[in-house]
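Here it is, the structure in full.
Going by the order they are written in, the chains are A, B, C and D; count residues from 1 in each one.
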Amino acid sequence: MTEAPPDVLRCAYAELVVTDLAASRAFYVDVLGLVVTHEDGDAIYLRAFEEFLHHSLVLRKGEVAALAALAYRVRSAADLDLAEGYYRELGVRVERRPAGATRGIGEAVRIEDPLGFPVEFFHEAEHVERFTQRYDVHGPGALSRLDHFNIATPDVPAARDYYEGLGFRVSEDIQDDEGTVYAAWMFRKPTVHDVALTGGDGPRLHHIAFATHERHQILHICDHLGALRQSGMIERGPGRHGVSNAFYLYVRDPDGHRIEIYTHDYYTGDPDNPVITWDVHDNQRRDWWGNPVVPSWYSDASLVLDLDGRPKPVIARAEARESDVTVGADGFARTADQEGFKLGHQV
Amino acid sequence: MTEAPPDVLRCAYAELVVTDLAASRAFYVDVLGLVVTHEDGDAIYLRAFEEFLHHSLVLRKGEVAALAALAYRVRSAADLDLAEGYYRELGVRVERRPAGATRGIGEAVRIEDPLGFPVEFFHEAEHVERFTQRYDVHGPGALSRLDHFNIATPDVPAARDYYEGLGFRVSEDIQDDEGTVYAAWMFRKPTVHDVALTGGDGPRLHHIAFATHERHQILHICDHLGALRQSGMIERGPGRHGVSNAFYLYVRDPDGHRIEIYTHDYYTGDPDNPVITWDVHDNQRRDWWGNPVVPSWYSDASLVLDLDGRPKPVIARAEARESDVTVGADGFARTADQEGFKLGHQV
Amino acid sequence: MTEAPPDVLRCAYAELVVTDLAASRAFYVDVLGLVVTHEDGDAIYLRAFEEFLHHSLVLRKGEVAALAALAYRVRSAADLDLAEGYYRELGVRVERRPAGATRGIGEAVRIEDPLGFPVEFFHEAEHVERFTQRYDVHGPGALSRLDHFNIATPDVPAARDYYEGLGFRVSEDIQDDEGTVYAAWMFRKPTVHDVALTGGDGPRLHHIAFATHERHQILHICDHLGALRQSGMIERGPGRHGVSNAFYLYVRDPDGHRIEIYTHDYYTGDPDNPVITWDVHDNQRRDWWGNPVVPSWYSDASLVLDLDGRPKPVIARAEARESDVTVGADGFARTADQEGFKLGHQV
Amino acid sequence: MTEAPPDVLRCAYAELVVTDLAASRAFYVDVLGLVVTHEDGDAIYLRAFEEFLHHSLVLRKGEVAALAALAYRVRSAADLDLAEGYYRELGVRVERRPAGATRGIGEAVRIEDPLGFPVEFFHEAEHVERFTQRYDVHGPGALSRLDHFNIATPDVPAARDYYEGLGFRVSEDIQDDEGTVYAAWMFRKPTVHDVALTGGDGPRLHHIAFATHERHQILHICDHLGALRQSGMIERGPGRHGVSNAFYLYVRDPDGHRIEIYTHDYYTGDPDNPVITWDVHDNQRRDWWGNPVVPSWYSDASLVLDLDGRPKPVIARAEARESDVTVGADGFARTADQEGFKLGHQV
């Protein structure tokens, strides 16, 4: 590569196609409590309580439930030109979009990335009221901000290489003794991740995640779904991840899109932040308390669309699948030291 | 019956036989954080932070892990005579025990109850420092007090009749449309229960439960076991019960005795406290979030000893087992009105 | 006394006169989140989320903000006759009220008690839906139930004697070395109190208190008032009480009536529950963290009405006032043993 | 300036001189729960549970309690040369320190900054075990990481200009209508601050702050000090800040050094992060709940040492003091837009 990549700040918004806007609204607004910035007959633009850009989630009405775009914010308007050049050199499809092509978003570059995902880069966006201290409208399960995307891709090392080229770093990953990489967590903002790469049939969207401040806010979402007699929307958790140390919950929206609610990960901003490698046989890697992962969490994910709005074909993962791995009897994770410093073991 | 029953205040302590005192101490003291009132080569006497009697749990070394006694406190010394008379009329084995027969406990009456359980009634007990405000020694998973016993018994209606004779009232139960009763929760102190009756092979001890103030204290116990690489001791949960509304966790001690950590149930002290009857087909009765109950939770329980310290034979439940019931598709619990008042539905 | 007192279950509801129903509704419903059972142009009937009787708080429109009644629930309808006889022998004003005299409440006895307070005893009340698990309508500061009343009275020992005659027991009190009693906490249900007696000019209502499950629910109420730019309604706290160990917050309604939000006290139901006597010089008795009590908390309280709805004259306290006591340098509370058992020290 | 400043990652550690190591250890280790990386007769090196560098706090025994150094971590070893050149051009005292001059820290540059503070820049540091998931040793008040420094300086605009030159940005500040700046919060890592500038006599250290995940961990520290009968060490709070939205507590160590415990601020990493300007007359700026700031919080601060270890003379603030400002009656904060985007109002 001769072209420099754009300077990505962070994951910024996802655009999901949903088949029933009213049903989705009941889930995202009435249960999850996201704030409506704008809504009309075609789409709902949502944000969490500490966000000041126009939206971090767009729900757009369509025929087939799918991911329409993952959007990253870049540091400056000039990074759009870098993005355009970078992806043209990569040889993937690139489109320049004028300001307002997505409501509230300035000029943007949309591409189909080498992994097959529709990805947008933008810098300018409309500012809206930041509801950080609007406790009069916070509910008991208040979401603070978008935290990360998680994508399913057949070849995790290739995906990691691609994202490293874009300036992302690995915080944690899951491997086995043969060096098969099952998943990797990668970040630009100094948290555990902006994007996680999950080995599986892809390109598919595994989930998007919103952060809360405290765990009781996550527990409330479960209680709320129970009260609505919608406990079937709770797919996995709540629990404590081994990877990332975050407290988590996975719920499924009316179309089956998976949303994680997430809190308690850690600062990763130092250049020598220790990388933690978990053994795929470690029973506590996915749930620190050893609770089993439900099969649907491994198998299900959302289709993704190309830039023309057509579903991308799904390619099967050829390598070993995490869902088939026998859990280790010793139960100890192994850690790695990325930078050559002495590293205390993690567990 | 012509004899009056004793006036029971509440469940007060359990005596468990454990096979390795050091291993049990590591669990009950180092992980659960119970306070040691006394320990010697034969037994450890433990209490929770808000308790002022000598102990609420005795761990006694023995060959076979089992329940040695469930103890209820009665209102006055005179209730011991009532207890003796009541059980003699019931025709079960009755023993008068002098003060100190169990360290810290005054004179007592021990019986084998009609359900086959070794049960003690006592009034006097040694007072010890109440650690309510000893925050210098509270850990992050501080337990406040013993909350209840849960026993497995083949015939729940018979067990309920027996406990009603002893002055206990039902707060909630689980039934099906044919009137089969799968479980019942019964109380003297005004909480959801002092004892729960779980339909199953018995007499066996299903679990004893300790209360915390807040849910994060329960979550910490999970995190702590994870850090010790003992996540296998977490059997079920954490979760929110449908029945009782309590937030719960079930852990297993080194001998397999089951301990529940429990918080957030409700006041039941009014005489017309509405009884809630859950449909056994309601998927949210045992876990409000719909998470499945692990099979061991239905199948496993601790043996109980007779007054000579010999394990009681276990009688199989003849009626339908809750673990075999197909979960209902409608997902709605039904409620009953014990006292004839108009009752709002519970869910 | 030759007449037996009624068997009081617990504090059950308060009736407050407020001068602006809409303003009061904005506070009690929109901020505190109480559930409206009924409202009309004259009154609002409110309950907390775990209550199944018609109301625990009545706000009645009137010219002068005051307490109209403190109501205790009794065990049975027959206790109404006991109440009538008991108070007639005491020589105070007694009125029998038909069912429905207060909406949702059955037949009742209202009296002016010897301390000058308007007090009601009732047994029957309309049942309404218990919202324990209605997490779809719980807010982030959800109140579970009425916990206690706190009254200002000039002569605490006389008030304690009166309430002991009614079957209440002391859990904690505040005294000095000369034996002056500054305050006492008394209960029927097994919590720290159903009524607290605060030494001061009286008869006046110091506050009524609602319980939450966890402390974050109390903190939210502060945040919410901040967001409304109504932080002036926060009078004292949040903090941890020395007495009772409860986590607390005092807010003032639009008429100045004081409401406490309260959680984390302890079980007191055993007959030998240790009484804790705090030294009035102990700086941690009112706030375990040593934060000072604001002067208004000592000086302000609500007028009470007689049975004709006229404000009762206020009698000044003759004994030493707690607000004038110099705080002790040693900082240690002293404890007493009510029942003669060995008592561990509390702090 | 012709020289480029070093690329500062974040605030990294403070070195405090304390007069009694044992007393300080009882506070920082036994109460605050910091992890001891190393200790000897001269110093104790401490870190919080999520930190992987050798220490974030050094307590060094000395005659006069004071701040010996504030240390910032820079991105690379090359930044040390930049730091040296930058400060030499600024004309302040500069010292190059070899690796190990402070235990666990690589080569460093120490300077006396233009505000009079002893400041260190370093890149290399010894890695130690990160205790993120060592829940077996986390206490109920577990601290996650150092969050920020807060310094008292007479001329806040001059200090802000200096820190802006070093690449810090303002997240929030306090001003009045005449443009007097009373305080400013400035960051490199994307939180509300790495350093806050508080207008007052200086150079003095106002406090250093550690972060927790949840608020109950902060409340526990209060309860713990209460149990030790050390509530006098609690200076201010707990409360919710207006500025930063953080939940806070200020405690004083045995020498009077002030430590803040802090949680719940927000992400500031976008270049157009809205700056919030609070009116000094806004009663909720320092405490969202309107609780008053105690006078000592405005008046007291720690001396700072020059590079020879001698206390720096303190210069009085000439401008208006925040402690003297009359609180506004309107109670509304005003916000500013740093970058020219449309900005929703914050409150």
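Definition applied: a residue touches a chain if its C-beta (ideal position, glycine included) is under 8 Å from a C-beta of that chain, and two chains touch if they have at least 3 such contacts.
Here's who's who by UniProt: A, B, C, D = 3,4-dihydroxyphenylacetate 2,3-dioxygenase.
These numbers were taken from a predicted model, which means no experiment stands behind them.
Contact with subunit A and subunit D alike is made by B, C.
The minimum number of touch steps linking subunit A to subunit C comes to 1.
In this assembly, B is the chain whose CA centroid lies farthest from the centroid of subunit D.
Note: centroid distance subunit A to subunit B, computed from Cα atoms, is 43 Å. The mean-CA centres of subunit B and subunit D are about 50 angstrom from one another, to the nearest whole unit.
Rounded to a whole number, the gap between the C-alpha centres of subunit B and subunit C is 33 angstrom. Taken residue by residue, subunit D touches two or more other chains at 133-134, 214-216, 223, 226-227, 242, 288, 347, whereas all remaining positions touch fewer. By the touch criterion stated above, subunit A contacts subunit D in their complex at residues 9-10, 50, 52-53, 73, 75-76, 126-130, 132-133, 144-145, 189-190, 213-215, 242, 245, 263-264, 266-267, 269-274, 288, 337, 341-347.
On subunit B, the positions that touch subunit A within their shared complex are 215-216, 219, 222-223, 225-227, 229, 231-232, 234, 238, 240, 242, 247, 283-284, 287-291, 331-332, 347.
Those residues of subunit D that touch subunit B in the shared complex are 133-136, 138-140, 142, 214, 216, 220, 223-224, 226-228.
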